[in-house]
Amino acid sequence: MTNRTYRIVLDCPDQVGIVTRVGEIIASNGGWISEASHHSDVESKWFFSRLEVQADSLLIGPAELEQKFAQLKQELNLNLRIEDTDQPKRVVLMASKGSHCMSDLLDRWKSGDLHCEIPCVISNHEDMRGLVEWYGIPFHHVVIDKDDKTPGFAKVEELVDEYQADCVVLARYMQILPQALCEKLRHKVINIHHSFLPSFIGARPYHQASRRGVKLIGATCHYVTEQLDEGPIIDQDVVRVSHSDKVEDLVRLGKDVEKTVLARGLRAHLEDRVLVHGNQTVVFN
Amino acid sequence: MTNRTYRIVLDCPDQVGIVTRVGEIIASNGGWISEASHHSDVESKWFFSRLEVQADSLLIGPAELEQKFAQLKQELNLNLRIEDTDQPKRVVLMASKGSHCMSDLLDRWKSGDLHCEIPCVISNHEDMRGLVEWYGIPFHHVVIDKDDKTPGFAKVEELVDEYQADCVVLARYMQILPQALCEKLRHKVINIHHSFLPSFIGARPYHQASRRGVKLIGATCHYVTEQLDEGPIIDQDVVRVSHSDKVEDLVRLGKDVEKTVLARGLRAHLEDRVLVHGNQTVVFN
Amino acid sequence: MTNRTYRIVLDCPDQVGIVTRVGEIIASNGGWISEASHHSDVESKWFFSRLEVQADSLLIGPAELEQKFAQLKQELNLNLRIEDTDQPKRVVLMASKGSHCMSDLLDRWKSGDLHCEIPCVISNHEDMRGLVEWYGIPFHHVVIDKDDKTPGFAKVEELVDEYQADCVVLARYMQILPQALCEKLRHKVINIHHSFLPSFIGARPYHQASRRGVKLIGATCHYVTEQLDEGPIIDQDVVRVSHSDKVEDLVRLGKDVEKTVLARGLRAHLEDRVLVHGNQTVVFN
Amino acid sequence: MTNRTYRIVLDCPDQVGIVTRVGEIIASNGGWISEASHHSDVESKWFFSRLEVQADSLLIGPAELEQKFAQLKQELNLNLRIEDTDQPKRVVLMASKGSHCMSDLLDRWKSGDLHCEIPCVISNHEDMRGLVEWYGIPFHHVVIDKDDKTPGFAKVEELVDEYQADCVVLARYMQILPQALCEKLRHKVINIHHSFLPSFIGARPYHQASRRGVKLIGATCHYVTEQLDEGPIIDQDVVRVSHSDKVEDLVRLGKDVEKTVLARGLRAHLEDRVLVHGNQTVVFN
């Protein structure tokens, strides 16, 4: 990403003239809009927008630009944030033993296809230390004691704070985050669930899928909320299976979907394309 | 289908030598096997097979051929049937007001892409009479009185019997068949459900999907059983949707999946590629 | 479509402030923008936009609105048109013998899923007269004499003029339109080609595909230009095939893709989502 | 793969009774067939078959079993080989700088999802040494001098021989193998081409795709032959793109398809599911 841009992401109750008034503020400061997406949700009467402005077309910085929106924010009851592509998000990855998502994300990151920093990896198992460290990323083994999970998750929270994570990715992390942490990191924790939600919520979805005899299996990338597997969906996909696929084949085939969907969902999040409203998402292309 | 073939479809407890012993009976009568599929289900230790034999390579007819299997049937505890492509199945179509599946099936049938007979169409509405009759197919309007559905379904059953239906297709028929009829026509009634089962069982699945904010919607072709939307799945598919799709867009996009999946599932059934075991299907390519 | 909207579709050389200046004109006339899409092509430095404005939010009609853009059009070198959803496009369908696309389009049209008028169908064969007339649409059989195609195509052109077609759809019309007609109806003739272009240009693409042993076959919906199968692509899709699929299976499987892709491409065209630039298209969601 | 099986893979001119006669040899030695696939190609009148026999159900080893087929081989003009799952194939990976396929294959191999040995990796660049060696696999940097490629490829051939490769995978290896090596390793070299062949043969396919304005891009896994990008296709897939995707986006999106299709094609090869006939493949599920 050679071009520095500011991403203006906003939502508010819908009314006439929002696009124009937002545009005026940008244009009056010389801003060149290189990408713009808008969405009006008819049912909730809510408006969503995402604009990319070329940084070098503006005479002012992102903080000053945000200043210029102050009055409009109040007037339109606007949620607005401005993201600077020169400040890549800090993403802490968490995983257990399964390596397919981790290995996939690390390669994308090293190849420059995921625009973020990965300050550390946290795992409740030692298995992936070598791989992660080969990529030059600190690896923290934090045991989650099944009789008392509190100290383990306290350590996780400490690390997330210490590394100033903007975002936490559960890349097949097989533990349920405590409710308080979910709330603290609202819309900042991304999970990959190994089923096509809302089918097969909970444990062992591939076993459930096999028993039901479905002809497609899927994966769902979503924000983590207090309710397991119920958070806002960012992306989903499926793959065809047949009667000849045993549970272990579903597990194997599912991995391909899991890693692709997680990477796609994370990418959308990193590019500030995902806006959450209630339990639904707007995901701009 | 210019080539007459006999389709030998069988299943039984798995053991050594089934393929060979079945093959011997066919070969010893001169049978040329042009297609063969086998599947051993490891968990249930059950064996499934489907063979196509060129009719003109056999010196005997299908009834006599079935005779030749009599001893083996007993010995291997074999479910076996022989289908003759010169005896196309008789398929009664049922629908309500939505025409997309009906129109699609009728065009496929007329074009020769669905090898079956359609002795009649039954509907609880008059809407499609003109179209159906244009195709030269008798149309029966059978009202289902919401206060007493018994007489309506008695008439349906009478028509199914009278037309000697081998198979009934619910091509968006918005009524639930009575339990007794489901049992009588076990594994002979094919339904298209407008969701990716087991997601969104029951009524108004597109509304449910919209509320949950899924990123793909689907359709499921399955055999009807006493338990609504719980029967053995024959085929499924999905289509991508986005935040900008309202419920009416999901309905419209879903139609494409519904008609394609129903046609594909029906085709598999007509070609005797679907074997049911418990609540699951084996669908041979 | 209960809501009347005006669709403002424009493209021009890219520069700062286009979105805002267009927005100002709309807002200053009270226009409520319910949908907006923009695209800047970096390579060609060209800007594309499509806006939907609620008709009843404007105090003026579409002609007057276009007037308001007069100065900006000149200044920005703007191609701009305003489409009124109360003026559905007039679409002439042309086909030969294969009925799958025709039957599919007619059902969509009758169900209200394709917002257009179909003033007539033109075919070089009689086969589909009955079906078309059942839908209440005039059917014209225009023979194309293989030794002298001029009179046939003169008649086609006459009908297209007489019925004031905004758009012509070649729904598996197996004749090549004369160059002059292509030029006259530039970006108004939509064809469905039965291959994944640019693979298998020209005749008998399924035979070509079978010979090459591909594992997917496809279809391409594109605007017709003077160069056969080389026009701007609107949409494409594919379906999986295998070694067991003979050419006639490819033909059958391909039909499903053809009709879906044609309907999707036509829908995009009817909703004024397709902007052509050179040999490429911008297709807004 | 806990269960040792022998895979019997054969093809021959089609005639009556092949399945049965092959089955008799297996059954008469106590062989339990756990999987069987057959295909008769009608046009070429050629027969293909693949059977999996439980090793512990046979009283004899694979060599002796092959012996039992000696007479039938002659009689039916049979190409037949017996593969033992206890003898995993030795796969040499070759790559250049792009790491996505390599990283993906290594993770699959380490996770046990690719049943093979990887005796070494050969690359014309140093970039991936660290990653490969972290997996415990010898890495050989073999420079291909663009002015004289002979010594480089002589070294490649030497390594392939030395490591007794059963199969060579070009995992984004950006050099064209010399013709003699292609012939020597006929149907043993698997390449991933970054387009949906036969579209965009040759160099820079994503640039070609962008220029043509296609709406899907793809990748093709095929056996390498003397004619560039013309070898028998094992698998293909596509991903949707839009006008907003620049060439670098196509490259990035294409990577996902490339690695998935290569892994799928390689897996089919490793499981002896791919039979080549002329320039086409039979790929059994």
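A, B, C and D label the chains in the order they appear, each numbered from 1.
As a convention for this text, a contact is a pair of C-beta atoms (placed from the backbone, for glycine too) under 8 Å apart; a residue touches a chain by one contact, two chains touch by 3 or more.
In UniProt terms the chains read A, B, C, D = Formyltetrahydrofolate deformylase.
These numbers come from a predicted model, not from an experiment.
Visitor: Can you check which chain pair, C-D or B-C, has more C-beta pairs in contact?
Guide: The comparison resolves to C-D.
Visitor: Centroid from C-alpha atoms only, then distance subunit C to subunit D, rounded to Å. What do you get?
Guide: The separation of the two C-alpha centroids amounts to 41 Å.
Visitor: Any idea how many Å lie between the Cα centroids of subunit B and subunit C?
Guide: The answer is 36 Å.
Visitor: Residues of subunit B that touch two or more other chains: which are they?
Guide: In subunit B, residues 35, 39, 242, 244, 285 touch at least two other chains, as defined above.
Visitor: Edges wherever two chains touch, nodes for the chains themselves; is that graph a line, a ring, a star, complete, or other here?
Guide: complete
Visitor: Using the touch rule from the top, collect the residues of subunit B that touch subunit A in their complex.
Guide: Residues of subunit B touching subunit A: 39, 41-43, 196-200, 212-216, 218, 232-238, 242-244, 246, 279-283.
Visitor: Hey, which residues of subunit B end up touching subunit C in the complex?
Guide: 35, 98-100, 103-104, 106-108, 110-111, 113, 130-131, 134, 242, 244, 252, 255-256, 260, 263, 285
Visitor: Can you list the subunit C residues touching subunit A in their complex?
Guide: For subunit C paired with subunit A, touching residues are 16-17, 19-21, 23-24, 26-27, 30-40, 57, 285.
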